[in-house]
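Just so it is clear, A, B, C and D label the chains in written order, and each chain counts residues from 1 on its own.
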Amino acid sequence: MAAISDLTPTELRRDLHTYPEAGWKEFRTTALVAEELADRGYTVSLGGDAIDVDQRLGVPSADEVEAAEQRARDEDAPEAYLERMDGVTGLVAEKAFGDGPVVGLRVDMDALERPEASDESHYPVSEGFASRHPDEMHACGHDGHTAIGVGVAREIDDGDAFDGTLRVFFQPAEEGGRGGLPMSETEHLTGIDYLFALHLGLDNETGRVVAGYERPLSNAKVDVVFTGESSHAGKAPQAGRNALQAATTAIQNVYAIPRHEDGATRVNVGQVHSPNAQNVISELARMRVEVRGKTAAINEYMLEEVERIVEHAAGMHEVSVETSLYGKTTTFTADEAAVDIVADAARSVEGVTEVARREDIGASEDASYLIERVQELGGNATYVGIGASNPYGHHTARFDIDEASLGIGIDTVAAAIRDC
Amino acid sequence: MAAISDLTPTELRRDLHTYPEAGWKEFRTTALVAEELADRGYTVSLGGDAIDVDQRLGVPSADEVEAAEQRARDEDAPEAYLERMDGVTGLVAEKAFGDGPVVGLRVDMDALERPEASDESHYPVSEGFASRHPDEMHACGHDGHTAIGVGVAREIDDGDAFDGTLRVFFQPAEEGGRGGLPMSETEHLTGIDYLFALHLGLDNETGRVVAGYERPLSNAKVDVVFTGESSHAGKAPQAGRNALQAATTAIQNVYAIPRHEDGATRVNVGQVHSPNAQNVISELARMRVEVRGKTAAINEYMLEEVERIVEHAAGMHEVSVETSLYGKTTTFTADEAAVDIVADAARSVEGVTEVARREDIGASEDASYLIERVQELGGNATYVGIGASNPYGHHTARFDIDEASLGIGIDTVAAAIRDC
Amino acid sequence: MAAISDLTPTELRRDLHTYPEAGWKEFRTTALVAEELADRGYTVSLGGDAIDVDQRLGVPSADEVEAAEQRARDEDAPEAYLERMDGVTGLVAEKAFGDGPVVGLRVDMDALERPEASDESHYPVSEGFASRHPDEMHACGHDGHTAIGVGVAREIDDGDAFDGTLRVFFQPAEEGGRGGLPMSETEHLTGIDYLFALHLGLDNETGRVVAGYERPLSNAKVDVVFTGESSHAGKAPQAGRNALQAATTAIQNVYAIPRHEDGATRVNVGQVHSPNAQNVISELARMRVEVRGKTAAINEYMLEEVERIVEHAAGMHEVSVETSLYGKTTTFTADEAAVDIVADAARSVEGVTEVARREDIGASEDASYLIERVQELGGNATYVGIGASNPYGHHTARFDIDEASLGIGIDTVAAAIRDC
Amino acid sequence: MAAISDLTPTELRRDLHTYPEAGWKEFRTTALVAEELADRGYTVSLGGDAIDVDQRLGVPSADEVEAAEQRARDEDAPEAYLERMDGVTGLVAEKAFGDGPVVGLRVDMDALERPEASDESHYPVSEGFASRHPDEMHACGHDGHTAIGVGVAREIDDGDAFDGTLRVFFQPAEEGGRGGLPMSETEHLTGIDYLFALHLGLDNETGRVVAGYERPLSNAKVDVVFTGESSHAGKAPQAGRNALQAATTAIQNVYAIPRHEDGATRVNVGQVHSPNAQNVISELARMRVEVRGKTAAINEYMLEEVERIVEHAAGMHEVSVETSLYGKTTTFTADEAAVDIVADAARSVEGVTEVARREDIGASEDASYLIERVQELGGNATYVGIGASNPYGHHTARFDIDEASLGIGIDTVAAAIRDC
C-alpha cells in the first residue's frame, strides 16, 4: 500500500474499512495514523502512553491480541510504531501552533465483531473495499471517524489560522464502552480548553449537524459466569449444583430490577450459554448483562442490583459466580460555549444544510469519560453529530456512510478549532 | 353434661365432635379423659408431664391458647384437671395389671380449623352433634380415635385377660405434625414392648383392617416470613425492599428443588399472603411451605434446600427472612411381630370382614416419632387402619365416620393388647 | 347534628372527618352536601345523574354498598336525598348567576380504608373529631376538599362578582382512580370554559399554592384471580392445577415488563393471597396489579402486557384467570390560561406566601379524566395544589391537615372563578 | 483394511473404535457388518428395510448425513452396501437353521459426539486404535456390542446346536434414544419367540452377568427453539420480543413440574443458547429438555407439561416456539422365561464369576421399544448386562472396556440362544 499520507480522507477511510480491527486490536490503524502524524511533527503517545493500561476493560485474551498484532504486521503496518505500542493500541497526537487554547479532538477507531454483507449491491463490495477480515466490520462508521481525525490534523497543520495546541485522541475499543475510561485517566486530558468528539450518521442525513449531542444513558456491561457441578440428571439429580437454575433465577430478577424515580433505566441480558447435554445437570452458565441509567448514579444503582442478584442466585443453588466489568460509560451535558462554537462553525461549512443545537443522544458513548474529565478540569466540551445518509442501521451487515460526510466533518471540526 | 364415664364410646365421640378443639387447644378433651381414667385408677400424666413442652411445634399464640382454655372451662371441663394441665394439652394414662408386657396405645385428639357442613343431610347435623365451634371441626376422625382410646382403657380395665401394663397416649396436635415429636421425647416411651397407633377411615370401608400401615412420607412444614420495606410504587419504586419479589423467587425455586435418586419427594407452598396495597412496594410476605421425602434423610435434604432458597431469595431483595418449623413427621416400617398380633386379633373381631397385613400409607403421620422411638428402644410397633365407611374425603366439610367402626377399633386393639 | 348549612368549613370538615366514607360509599357526604346546595338553589344531579353508572370501576359488593347506605341513614343523612341517590354516590351541583362563562370545580369526597391513630397527640383525637368508623379514615384530605367545594359554592352564591355558571363536581371514589372516568363520561362536562380541580397538602406547606400541577403518571389497577383445582400435595401432586404457580409466574414476568423508550413506566403487585393449606395444591390466588406510564399510551402498553402475561401464566398451569379493572387514570398538561388565572388569583389571597406556576405531580389522579374531557371539548383546565402543613405523610394513620388551608383554598378558587 | 471376516471380535471392536460413527451416521459400520453376514448367507435388510424411516428421531441435517456417508466411502466401506443403504443406517440380518424358535439379538452401533483422550495412558492410544474422528468416540461400548453381535452370528452359524432362526438387529442411534422406536416399528419384530439385548459395563466388573436388567425410566428429549424479534435494548426495549425471557420462564416452570403420585419423574434442561449481544433484545433462544418417568404414562405426563409450558412461555412474550422430539425410550420388565435362559446359560460360560437375576437399570434405553413390541406380540425378552471392568465412567473421554468381556458376551448370548 501507499503511505497513508498519500491518501485522501475518503481513500483512507476505504483502506481502514478494508482492514477493520475490533476493540484492543487496532494495531494497524494506530500505527498508520501515528506514522503520518509523527512525520508531520505531531508528538505521538502510543499504547501505554495514551491509555492507562491497568484500567482497560473487556480486553480479549492475550492470544487474540497477539494474533491481531501479527495480522497488522502481515498487512504492512509500520513496524517501528508496532514496536512502540508494545501490545497496546491507542494514540494521542499533539502539536502546538502557538500560545492559544488547547483544543482536543477525540475519534474512535475500532470495528465491530460481525461479518459484512457480501453482495454487489453493498457499496463497499462494488467499490472493492469491503472487509477482508471475516468476522470484523466497520459497521458503526469509526473508519470515517479516524479519517476525519487525520483530516483535521492535516487541515490545521496545513493552515495558519490556529495558534493554539491541537491534541487528537485516537481512542481504541469504543464498542462496549471499553476504551474511554482508561484513556480519560491519563495526563493528556489536562489543560484542555475545548474538547470535541464526534459521530457520523445516527439517523442524521448528510448535511445535518448536531452541535450538542448530549445526555447519553450511562451504561455498564458485566460478564457473569456461574460454575456448578454436573451430575447425571436421571440417576442423581440432587447431586448436581445447577448453574443453569442459578442463571435463570438471576435473569428473571435482573429484568425485574425496580424502576428508579430519578430517571430512565435499562437492563438486558445477552449471550446466555449453558452447554451441558440434556441428561447432565448444568455445570456452567455464562451470561452478559447490560444496564443503563439516566445518570451515573442510577447506572451504579442498576449495577449494584445486578451484583447482588447474581451473588444470591449463585448462593441459592450452591454454585459459584464470577462477575467482571466488560465496559462502562457515563453521561454528560454539552457546554454552551462549545455548542456555540460548533453551531457557528457548522453554519459556515459547505454542504451543511441544517444545524441543530442540542439533542439527546439515545445511545451510550464512552467519549463521556473524556468529556466528564475535561469538564471537571474546567474545560468545555461537546459531542458533535455529523449527518451521513445511509439506509441501513448502525451495526448491521449493510451499514455504510455517505462519504460526502467526511469533508463536512473535517471542515466543521477544523472551523470550530480555529474559532476556539 | 353427664360425666364421660356414663357415655358409650359412640356418645363420647359425639360429645367430642360437638366441642372440637384444634391442635394445642384440646383442654376439654384432655381434662374429660383424664378425669375418667384417673377415677379408674390410671396414673394420669398431664400437659408438661406428657409432653416435652420445649419441643412443641406450631403452637398458637398465648392469647389463642388461653382463650381455648377458657372456652373449655365454659364448656364444663373439670377444673381440677385444667389446673393440672397448666396451659398444656396432652395426656398419658397408665395402669399396671400384672407383670406382663408394657403395651402402648397412641390416639390423637385434635380437630381441624375449618367449618363443618350445616345442612340436614350431614349426619352430625341431623343427629344434633355438629360442631358448635364455628371454625373447628373433627374432619379427620380424631374424635373417634379418642373414643377408641377411652374404650380400650375401659375394656382392658374391666376384663381380666391382660396381665401387663397399659399406657395410653392421648396425643395433641397431630394435624400439621406438631405433637408427635414432643410426646416422643418423654420417658413414657421407655420400656414399651408393643406400641399400637391407629387411624379410622383412610379409604377403607367398615370391616376392613390394615394391620401394618407403614412407610408414610417424612414431612416438614416451615413457616416463612419475608420482611422488607414499603415505598410508593409510583414515586419511589427503587426505595422499597420488595418482600413479594423475594417470596416469588423463593416459591419458583422451591417448586424446582431437584428430585432425589433415593426416593420420592414432595414440595408445596400454601397460605401465601402479601397484604400491601397496589401502589405500595410489598413490605411483608408470608408463606407456609411443606416438604416430604421417602426417608427422613430425603426430607432433611428438602428442608435444607428450602432454607437455603429462602435465605438467598431474601438476600437477593435485601429483605429479612425468618423461618420457623411448624410441624414435622418421620417414617417407619411396621414390625412383623406387631403386625402378626394385630392381624390375628382382627380376624377374631366381630364385624371385621377383611384383614390386610401391610400397606403403604400415603399420608404423613407424626405417630411415626413415637413408633421410631419405641423401635430404637427395642420394642415392636405398628400403625393400624380401622375401616370406617364415609363417602366424603378426610378434611372436607362433610367428612363423617361410620360409628360401627368404633366398636371394631376397640375390640381389635383390646384383643391385640391381650395377645401381646 | 345541625344542618351543614350552619357549619363553618372547618366544622364541616370535622364532621366529615368523624364519619369517613370510602369509595362508592359516600352516601352521607353526598346527601348532606346536596341538601345544603339544593336549599341554596343549586340544581343537584345525584347518583346515576352525576355518574355514568355502567362505567364505575372498583365498586364494592352490593352488600357492602347497602350497608354503607344504611349506616348513612343511621348517622342522620337526609332521607330524601338518600332516596334520590338510589344506591349510587356522587353529585353535580350547578347554579347560573348570569350569562358569563361556565366554570367547573371538581372536589373528591371519599376516605381511605384504613384505621386512624387513636392517641391524644393526634389532633383529631384531642379535638374529638377522629373517625368513628373503625377501618375508614380521611387520610388524604378529601374531607377538606369537600368542605372547600361547599365553601366555594357558598362564597360565589353569597357574592355578586361572578356572572357565569358554577358547576361543582363532588366526585366519589378517587382513591384507586375509580370515580373520575365514570364522572367524566356525562353531559356535565359539556360547555365548561374553565375547570379547576384541587388537592390539599402534597408536601406543600400552608401558604404555598401550585397553580398548575400537571403531568401525573397514567395509572391502571387490575384485579387478577387465578382459579385452579386443589389436590393433596403429598398424595397426588400432579392432580392439582396450581393457581399459586400461575400467580408466581405472572408476578415475576409482570415486574420484568420491558421499559419503554417514550418515557417512565411503573409496575407493582399488591395484595397477593393464596389461602390453601400447606398440604393442598393451591386452588386460588388473588393479586392486585398496578401499572403506570408517562402517557396514556405507555400505560395502555403496560396494561396489555399484564393482560397477556396473566393469560399465559394461567394457560401454562391449566388454571383459569379473570381480570377486572379496579381503577384508571390518565395524564394531562395544565392550560396556560387556567394557570394564569389561578396564579393571579392566589397572589391576592390572604395567607398565600408563595405561588408556583407549574410543577409535575408525582402521584396519579383521576381528575385527569375530567380535565382531559374539558380540554377535548375546548375548555381550559388546571389542577391546583393548596399547601397544608402536616408532618405525616398522606395515607398514614397520623395524617392531618392544617385547617388554615381551608380558607386559603376557598378564597383562591373563588377568586379564580371570579376572574374567569 | 482386511475384510472384517478375517478379524477376531477383539480386532473388529478395535477397528470400529478407530472409526466411530455417531447416530444415523453408522454407514461404515453397517456396510462392513452387512458384507460379512451376507457372505455367510444371512439375509440382510438395510437402511429403510431395517428401519421405519419416517419415524426416525433426532436425525442430523442432510449435509451432515451425506458427509458421514462420504467419509465411510473414503474409509473403505464396501460400496455395494452403501448403495443399498440409500442414506439410511441400520441393519437386520436373519438366517434360519431349522424349524425351531425365532430368536432375536439386538445390539447398537453408534458412537458419541465427543473427543477421546489422547495420552498414552489411555489403552486405545497406546494400542493404536484410538478414534481418528476428532469429535466422535465409542465412549459407551457400542463398538463392543457390534463385535458381540457379529461374534454371535458367527458362532451360531458355525455351530450346529441351534435349529431355529436367528435375527440380529444392528440398531443405529441409540444415544439419545433415537433409533429404537423406528426399528421397533418394522415387521422384523414379528414372530420373535425370544429377544435378547445387551450392554457391556454399567458398573459391573468383568465376569458378572445380569440376566434381567429392567425397569429403566422412560425418557423423552425435546428440542425447543424460541424465536422473537431483536431491538436495541437501550433505545427501544419495548420493541423487542424477548426470546430469552420466554426461555427463562419456561426453564423455571419446567423444573417445577409437579411430582407424580405413581412414581419417579425427572426433568432437566441442557444446551441453552441465546446468542444476542448485550445491547440487543434476544431474538433467539434454544434449549434441549429431557424428561423421564417411571412408566411410559408418567413420561407422557412430563412431556405434555413441557409442551404446554413452552407454548405459554412463548405466548407470554409474543415469541414463536417450535419443539421437536429428539429422542424417546420406554420401560419394560424382563420376562421370567428369558431371564431363566440367560441366567442358566451364563453360569456355563468360562469367565463368568457371578450371575444376578434381576436388577433395576438406572439409565434409559431404547431397546425398550423392541422389547415392548416383542412382548406385545407374545414373545419373551430380556436385557442382559455383561460385566466389563473399566475405571472410567461411561461417556467420559477415558472410557474403555476390558476386552475379555467380548468373549464372555458372545458365549453367554450364544449359549442362551441355543437354550431357547
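Please note the rule applied: a contact is a pair of C-beta atoms (placed from the backbone, for glycine too) under 8 Å apart; a residue touches a chain by one contact, two chains touch by 3 or more.
Owing to the predicted nature of the structure, the values given are computational and were not obtained by experimental measurement.
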B-D or A-D - the one linked by more C-beta pairs in contact: A-D
Chain at maximum distance from chain D, centres defined as averaged CA atoms: C
Whole-Å gap separating chain A and chain B, where each centre is the average of the chain's CA atoms: 68
Inter-centroid spacing, chain D versus chain B (mean Cα positions, whole Å): 50
Set of chain B residues in contact with two or more other chains: 235, 237, 245, 249, 252-253, 255-256, 258-259, 266-267, 281, 362
Interfacial residue positions of chain D with respect to chain C in the complex: 235-240, 242, 245, 249, 252-253, 256, 258-261, 281, 301, 308-309, 311-313, 315-318
Of all residues in chain D, those that touch chain A in their complex: 176, 217, 219, 221, 233-235, 237, 244-245, 248-249, 251-252, 255, 266-282, 285, 288-290, 292, 326, 362-364
Chain B residues touching chain D - in the complex, by the definition given at the top: 252-253, 255-256, 258-259, 264-267, 362
